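One structure is given here, and the rest of the page talks about it.
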């Protein structure tokens, strides 16, 4: 993927290390920074108790340079309160789609200061209030709120390996989870959207929920995949922001439905290999 | 299940018998009491015409000791009016999910005073008003409201055997009911959520609805199962509160959907037996 | 069905013929009259231009004697405006369930004066206003409003044969329509709700929509069935009121879903014949 | 199709060429003009900067002569602002139906002045604001707004070949897309609605999305079909107005669902050929 080398992603941690406290870091021209880094540069650590080294009007990175989606850029910024609201809203959307029945699933967002907002243990994702969301450190300690989701290690594992990711969703969309319980990965190029939006969705080995096993089971896939199926369990997606992680979860279930229908009717006819290559080029060009 | 013996559940009736009227019962340290008992201790029999022996500020049992879910503990208490409102709301949720088409299904909640709120016969569960809910005694006599659901004996059977249960739901989620009409129980450990949340869901023999046969058909399963499938009929779930019984109904249908998808695609690959044991340990630890 | 003979249904027309204009007809003790007849007795022909022979306070038939559902009896009566509102609301409910995509389906209600309200041709049932509903005579002439549904002959056929029916719905619930397109009737007693609520749902031969063929194709079934499947077309249900006809449509699709799931998983296990007889007795007792 | 020759469709461009600027064009008695042409005659180019040659009260074509649906004719006209609102509303409806998960799908409407409103690239269709919609020329140049959908060539291809069409929708309804990924066209006459509403829905060869290939793949079908399936991709529908294009998308997915169910249960039983001919006659008579 030589195209990817043209641009350099600078993670939140790297960004902070690039400049001593109180000074403006120099951002290379070819740099991509996360929406949260940009917010940190602009607004400081509002809500986390830290202070940004630069004031709002000094933002060294122009908005149009960043890989932010239109959805994310609409708001006034990503202060913690707004992210809590989005987690609750995403929970309602996942519930409405039938992806998190009962108290299933969990959602997290990484804050700039190295902490993580994560849904609490045992609550319905369809009825969360922003204040219900817990905050933990990257080492898994509870900073505020109720007991976090028992799958917090799964979320931290993704954040550790993927500095470009600020949101992780774990859910149980029924058709994809059915595939994952039949030992089937989404690795057939049945539609162009699957290939462009997700590439191959691998199937991680079964691991006991709420233990370190789960993080171990996905560790080998996290670097190269934004969506992973968990055998007998569900699906994990991640993204540069919460909306992207959510849309990837939708795409996984859509791909699973299409696979199910096609298999029923005699089997899917995959896109030919040379055409798949074209789709993978589009994928790289879009930076997905 | 030796872990379970550490804690002792004291039913509403036992609690009332533990202290003469007007006096505070002594609650053992290892006791678990129902949310309704706790409310009775705190608020008395508001809505049922009885009086609690203790006033609100004398509550002998601290809130954090009780196995109440966050959903239940948010409210100001469980007076009858609030429980009627919750039954109507649960009806709307079940209808929106497609679990109670036409006038199918019934919902009940046990009140502290030994009476039972139950949905009336022949009404759509999607359009109930709190005042539509009937009240019956534990012997099935109508106390107030319209003719109760013809399945009231099914509900009373659960309450009789399970002092820890204060809510019962009978519904017809279409995929689970399809399984129940094909003679298939949910007894394969296909997902971790099934095993932790429900364990095995057994299939009770067919029984004519609205007769004592139905209660008889489930009698052997009620003690050890929170969800039971009824052959050619539907599903029954119960719980310490209405939200828990509702979430169990959602989990049954989710498990049924996953089973259906996995069976379509060559058959589910169950979780290995030694891993199922770990899940059952989690289940016991959580007291589910 | 000897139980049914105990009660006698008096149709709207018979009722009118029983008494000269301006006088109170004598209603036999064992009579059942339609909700519309009752309204006619109480309110007269408001909205249709005719006059009731009796005033409101002289209603010779007590409310509790009539087979009206609670839903119907809640309102202040069934004047035409209210019935138009209900048709529009039922259209929205059918659309939300996915039973009438595009401009599919049609709904009618028989008014007391021998006229029929029916949805117009070519409109989405999900977005009807009460004023959009057309009115036709029993001979199919347009009395007011836009061109009626091209399936008006189907509706009139049901009203002609069934004086007890005041509402007819034709829709295309997708699973039931799939069965109807595979030549499969709902004639296996897979669930108790099917048997009690519908009995056998027969499959009428294919007929070209919008022609007299459709009425002919169901003519042999209308007398003994409240729900009929139309080969390569859809489903027709009817009832003493609109809510009942709607609930029967829901029950047909639920039965179809259960059949589909059960067939997928090795085939449904029907309720044994001697138990089906018990259900049919319940059905007769409830007068369904 | 000799019936069709009775009426003559006059496209927006032809209409404009029929009269010199500032003068009233003479509309032949047997002419059909598009809703947008009618609006242009009545209101001029409000929103596009051009001027109509005639004022509102001089409209030479009576409303009742035009093939407009009731939905379209209800509004006060089709100024650009109203069409933007309808595009956003249609996006929400498609999303609610599950036809455009993630940022899938695109919607366009042709304006009278020869420009096209089209949804922007990369946005969720479930959350569009009217102002989010882009405007392009018939040669694909961006006139206003954000980067248009990468599938704009697909839309322009339809408009070029079909002067009677003013709206195009591309979506991914899951069951139809599953069929399209199994290489199956909707070419069996399983229900009368399919035949009357759509005729045969052909399956275009796979083509890489966002390239000219897609337009090429459908070019041979556009003239004779209002709905086309795209192998491994999705579905395209078009219509004289947006509501019609939307309803055709609904009908495609309904037909796909019915096909899937019928195939599961032993295979669909097609309508006999001589009866299909009758349906095709109805189709021609209705001008579909």
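For clarity, chains are labelled A, B, C and D in written order, and residue numbers in each chain start from 1.
Operating definition for what follows: a contact is a pair of C-beta atoms (placed from the backbone, for glycine too) under 8 Å apart; a residue touches a chain by one contact, two chains touch by 3 or more.
For clarity, every value in this text was computed on a predicted model and none was experimentally measured.
Asker: Would you mind working out whether subunit A and subunit B touch using mostly the same residue numbers, over half shared, or mostly different ones?
Answerer: Different-residue interface.
Asker: Can you tell me which chain lies farthest from subunit C, using the average of the Cα atoms as each chain's centre?
Answerer: A
Asker: Just curious, how far off is subunit D from subunit B if you go by their C-alpha centres, in Å?
Answerer: Here subunit B and subunit D have centroids separated by 51 Å.
Asker: Report, in whole Å, the distance between the mean C-alpha point of subunit B and the mean C-alpha point of subunit C.
Answerer: Each chain reduced to its C-alpha mean, subunit B and subunit C end up 36 Å apart.
Asker: Multi-chain contacts in subunit B: which residues touch at least two other chains?
Answerer: Residue numbers touching two or more other chains: 260, 264.
Asker: Which two-chain combinations touch?
Answerer: Touching chain pairs, listed by label, are A-B, A-D, B-C, C-D.
Asker: Which stretch or stretches of subunit D touch subunit A in the complex?
Answerer: Listed in rising order, the residues are 98, 101-104, 120, 122-124, 127, 132, 146, 172, 174-175, 177-179, 181-184, 206, 208-210, 231-234, 260, 263-264.
Asker: Any idea which subunit D residues touch subunit C in the complex?
Answerer: 69-71, 189-193, 196-197, 243, 247-248, 250-251, 253-254, 257-262, 264-272, 275, 278-279, 282
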